[in-house]
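Labels run A, B, C, D and E following the written order; every chain starts at residue 1.
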Amino acid sequence: MDLATLLGLTLALTMIGVSVVLSGGSPNAFYDSAAITTVCGGMLAALLICFPISTVARLPAVLYRLLFPQVTDTSSLVQRLVRLAEIARRDGLLALEHRAEEGEHPFVRLGVELAVDGTRPEMLEEVLRSEIDSMARRHREGKGMLDQLGRSAPAFGLIGTLLGLIVMLGNISDPSSIAGGMAVALITTLYGAVLSTASLLPMAEKLAFYSRQEMLTREIIVRGILAIQAGEHPRLIAQRLKVYLPPAARAQLERGTA
Amino acid sequence: MDLATLLGLTLALTMIGVSVVLSGGSPNAFYDSAAITTVCGGMLAALLICFPISTVARLPAVLYRLLFPQVTDTSSLVQRLVRLAEIARRDGLLALEHRAEEGEHPFVRLGVELAVDGTRPEMLEEVLRSEIDSMARRHREGKGMLDQLGRSAPAFGLIGTLLGLIVMLGNISDPSSIAGGMAVALITTLYGAVLSTASLLPMAEKLAFYSRQEMLTREIIVRGILAIQAGEHPRLIAQRLKVYLPPAARAQLERGTA
Amino acid sequence: MDLATLLGLTLALTMIGVSVVLSGGSPNAFYDSAAITTVCGGMLAALLICFPISTVARLPAVLYRLLFPQVTDTSSLVQRLVRLAEIARRDGLLALEHRAEEGEHPFVRLGVELAVDGTRPEMLEEVLRSEIDSMARRHREGKGMLDQLGRSAPAFGLIGTLLGLIVMLGNISDPSSIAGGMAVALITTLYGAVLSTASLLPMAEKLAFYSRQEMLTREIIVRGILAIQAGEHPRLIAQRLKVYLPPAARAQLERGTA
Amino acid sequence: MDLATLLGLTLALTMIGVSVVLSGGSPNAFYDSAAITTVCGGMLAALLICFPISTVARLPAVLYRLLFPQVTDTSSLVQRLVRLAEIARRDGLLALEHRAEEGEHPFVRLGVELAVDGTRPEMLEEVLRSEIDSMARRHREGKGMLDQLGRSAPAFGLIGTLLGLIVMLGNISDPSSIAGGMAVALITTLYGAVLSTASLLPMAEKLAFYSRQEMLTREIIVRGILAIQAGEHPRLIAQRLKVYLPPAARAQLERGTA
Amino acid sequence: MDLATLLGLTLALTMIGVSVVLSGGSPNAFYDSAAITTVCGGMLAALLICFPISTVARLPAVLYRLLFPQVTDTSSLVQRLVRLAEIARRDGLLALEHRAEEGEHPFVRLGVELAVDGTRPEMLEEVLRSEIDSMARRHREGKGMLDQLGRSAPAFGLIGTLLGLIVMLGNISDPSSIAGGMAVALITTLYGAVLSTASLLPMAEKLAFYSRQEMLTREIIVRGILAIQAGEHPRLIAQRLKVYLPPAARAQLERGTA
């Protein structure tokens, strides 16, 4: 579970509530059903025009992944790959078949399976890399949706405010109602700005962060599987994969494999 | 037919209507002929200055393609290419001549035709790739027009509002008419923002999506035709083209060609 | 003559006029000499600070080229190059000397001249490509000037409006003059927005379009001249140059050279 | 200690204070707790959604590094590397072990240690370069945090102003309080603009400047260590490393090594 | 002396003065010491936070270079290089030593000196290119400072206006003073917009123009010196360097060296 995201979202809401109370307003004044219709309806409409339905349907999964990301510990991953290399060197590639089943990263499983099946190295690399490419494309689409929502939120906020102003200026029989009308019109702009600045755009950044991390994980796996298939010495594989780890993890690994 | 685009456009209009009614306004207050003249006339004018007439004339075709896109199922395309490869291997390249006529993707037909005519592989690839390039250029121009319209819509909305404000402030004999004048002036900004945010810019994104998909389709075809011409084994061709498919489609294809 | 640009500029002006009349204003209210001084003077000043005088002096020529562009028909250009190749093959390179004089594209003339003079192929290509580079640099500067004007127009519009507002707010003895002062102040913003959105920025795009087209034309010529100098078979030259043409023109050329 | 940054921050605060006094206002009018809650709380919230907690926790360290940067004098670094090369040539690589301990740049120490341990040149370069890469990634994240804060500050400033306006317009029983309400609402926008323009965005630029400088330092070290390991002549190493120095430092070094 | 820049700056000031007079205002109304403090102080503060003091201290030199640029006539430079090549071919490289002293471009002098000293070609090129790189870095920093000033000017303009508005709204005992307060508040925005649009950003563009030109000059010199060192025939050197000249200068040079 990504605590930082949850903490950030909670903090943003709390901070707005506190700030409303501090300036002497009532939270009720900030609920407006027309504003919610305009901003959320408009954002969904623009999303549907931007992306095919099959992509839009993946949005809940994208948000779930954002709150419950799968983070792989790269230094224990390198250790597992080195252990697989040791088994392969001792007992042959076929011995990996059952070892890779037990709670392994699915990408390690796929690589081992292909290697065990005797896939040629070029084809093995091509298949694994095309998996990474298609994952990168899926991640880009996920981030693309959040970016698009983050861009359209303030625009629909502005549209809602314009709608409210035009309605207010059109039936202006009672001058005393102007201030109230203005307040309601501005709520839509507020919704759009809060959604975009305090959730959607930062969430797209966090998604890109996790995507970069998962790409690194898979790059390590591709290199590891290819080295195992080539029958390289486990120590050499450890040395080669270690350069992908942060300095601290590297030192720890050296103690582990020494 | 692209349901998502249609759904998105409908939803955008509905959401604006609902939001107007919720805030107590009348839809009639949002129709203004001067505003339509300014925004739509201005957008067309800027489009004509940006692009040559021959490109602008293709705009209706671009919009039609957006609503009724030609989507090729890549996994059945790979199956068809593998079948053509089997025929070519069994009966020779010439046997493909009549097979490729029946409801095939026009780009497959072109490739088969060139191969049957005995075009040298380099020339075959050059011709097919230059077709893809000219298609990409056409797609870029189509997206470029929607982008330009999406950029100029809010600008002409602002111009219309400035025009309205200057007229209103110029003949301000009657102070009670100010509010109404403001309302009318703001309608142009609303038109520009809605056109841009809720249709033109997202439509340009969807166009780019379809363009990327069609590029992938044609890349598969080029690789397939070249492999068929080189007389490669159908199974090898299947393996090579499979890496372009999404994981799910790949598994399905494996069952199909097994 | 580029009809689309002329049509676009006319349409933009007409549309603004119609829109003013529709909203009940008088066109006279939109003429203000201080606004013209601020926007046009400011744009010229910024242009002079951005570019050296020799570049700024080319602005009228750039605008003339925009309205009266030299468009080369690429398919007849390919036909002429193929004909030159036939002559060169039949009668030798020297026979091209007088043939290339008659109404040929100046870049074809330059290439033929260099080839007839016995320039070595590498040097011939280097000279022709450096000509293309210096043309590309000139085009970029032309587009750069229009882009700079298009960017500074709204900025000077805003500056003029600020000037007007400060003057108006400074001598506000008569409250009834406020509305008129506001109207005059806003005219500068309107000028800037119209100049930028409805002429300068789209004109920069059109310039880029013509530049891309002329680059393609010259690329075809370089390839053609080099192939002629190398003594390649005219049919092979035709095949090689054809891939630069749009599909329709290619089919037409095939009938022409068959 | 980076005097320029400190001077800049002090100057910005002083200038704002002077400007407030010059325009006849009281500094007290510019303190508002709701505004501070909104802008600072919002910025922290968006930062937490953007980055994982482990990155956000490094923010104080990033700010400390900005005020107290570690600047390496490249010309004395080149001299030290040349001296190490002389020792290695005279007494062998192993003689470097104790020499590199005394107050050396940690990256020089790491390189010497690896060279003394007999690491192969390719592996040595790979390890050093992966250190540089991971440092570059850390620097990019640091700059990324300041950029994100600099982008979100004005956005939360706007959000605070909208909150204030809506509260003010909602309970507008007393028209005389409008001006005061407006003043308070605008303070949030002021906070956001000052934080972004006068500290966060320029600080991100300064961070990028120091990062480029440290990259150059480490590039010199990698080249130097590799040349020392290869046993190159110290004079040749001096010549090769000198090209990374500014002209003035180069001349000075020539006198030093002559 | 760069007349265009001077002319542009004068024109911008004149145009603003004329426009103020045309709209019936007095130039005195546009002087405000608090506004100058805010905008200029703020810009300097942000500059100091962005760049180290040593870079900021070079700002006056950058502005001087902008008004009095060193422009090298590339066609006479090519002629001088060809003459040096003739001397080197006739009397040997050493004969160049005294010839290059007389009023030559300092970069030509550096190159000749290195060649006369017997520096190996690779090292000669590396030293000259690293000089070009460090010049490019200095130019980028100079342009970077003007860009940063041009970006921060309108931001501090806005900050000054917000300060003014808050002060004005805070002590609003006398409603008749509102207009005057607004006028003063807007002056800061005007200062920022004029500084940015009418001087700083265009000056950064001009700087980039001169930088590109000086890079081209030095590229010609590097190629020329290397060819002289390699003992190439002067006519060949002339042919090779000519391609860097504009077409007109090329024709003129041909007459000169014929």
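In this section, contacts are C-beta pairs under 8 Å (C-beta built on N, C-alpha and C of every residue); 3 or more make two chains touch, one makes a residue touch a chain.
Because the structure is a prediction, the values reported are computed rather than measured.
S.K.: Any chains in contact with both chain A and chain D?
M.R.: Intersection of chain A and chain D contact lists gives nothing.
S.K.: Identify the chains in contact with chain A as well as chain B, in label order.
M.R.: Joint contacts: the list comes back empty.
S.K.: For the sequence-identical pair chain C and chain D, what is the superposition rotation angle on Cα atoms, to the nearest 5 degrees?
M.R.: Result for this pair is 145 degrees.
S.K.: Go ahead and note the Å separation of the Cα centroids belonging to chain B and chain C.
M.R.: Chain centroid spacing, chain B to chain C, equals 27 Å.
S.K.: So, what's the distance in Å between the C-alpha centres of chain E and chain A?
M.R.: Chain centres of chain A and chain E, defined by C-alpha means, are spaced 44 Å apart.
S.K.: Which residues does chain D have that touch at least 2 chains other than itself?
M.R.: none
S.K.: Could you list all chains around the ring, opening with chain D and heading toward chain E first?
M.R.: Once chain D is placed first and chain E next, the ring gives D, E, C, B, A.
S.K.: Which chain C residues qualify as touching chain E in the complex?
M.R.: Going through chain C, the ones touching chain E are 33-35, 37-38, 41-42, 44-53, 56, 123, 126-127, 130-131, 134, 148, 152, 155-156, 158-160, 162-167, 169-172, 184.
S.K.: For a test of understanding, state which residues of chain B touch chain A in their complex under the given definition.
M.R.: 2-5, 7-9, 11-12, 14-16, 18-20, 22-26, 29-30, 179-180, 182-183, 186-187, 189-190, 193-194, 196-199, 201-203, 205-206, 209, 239, 243-244, 246-247
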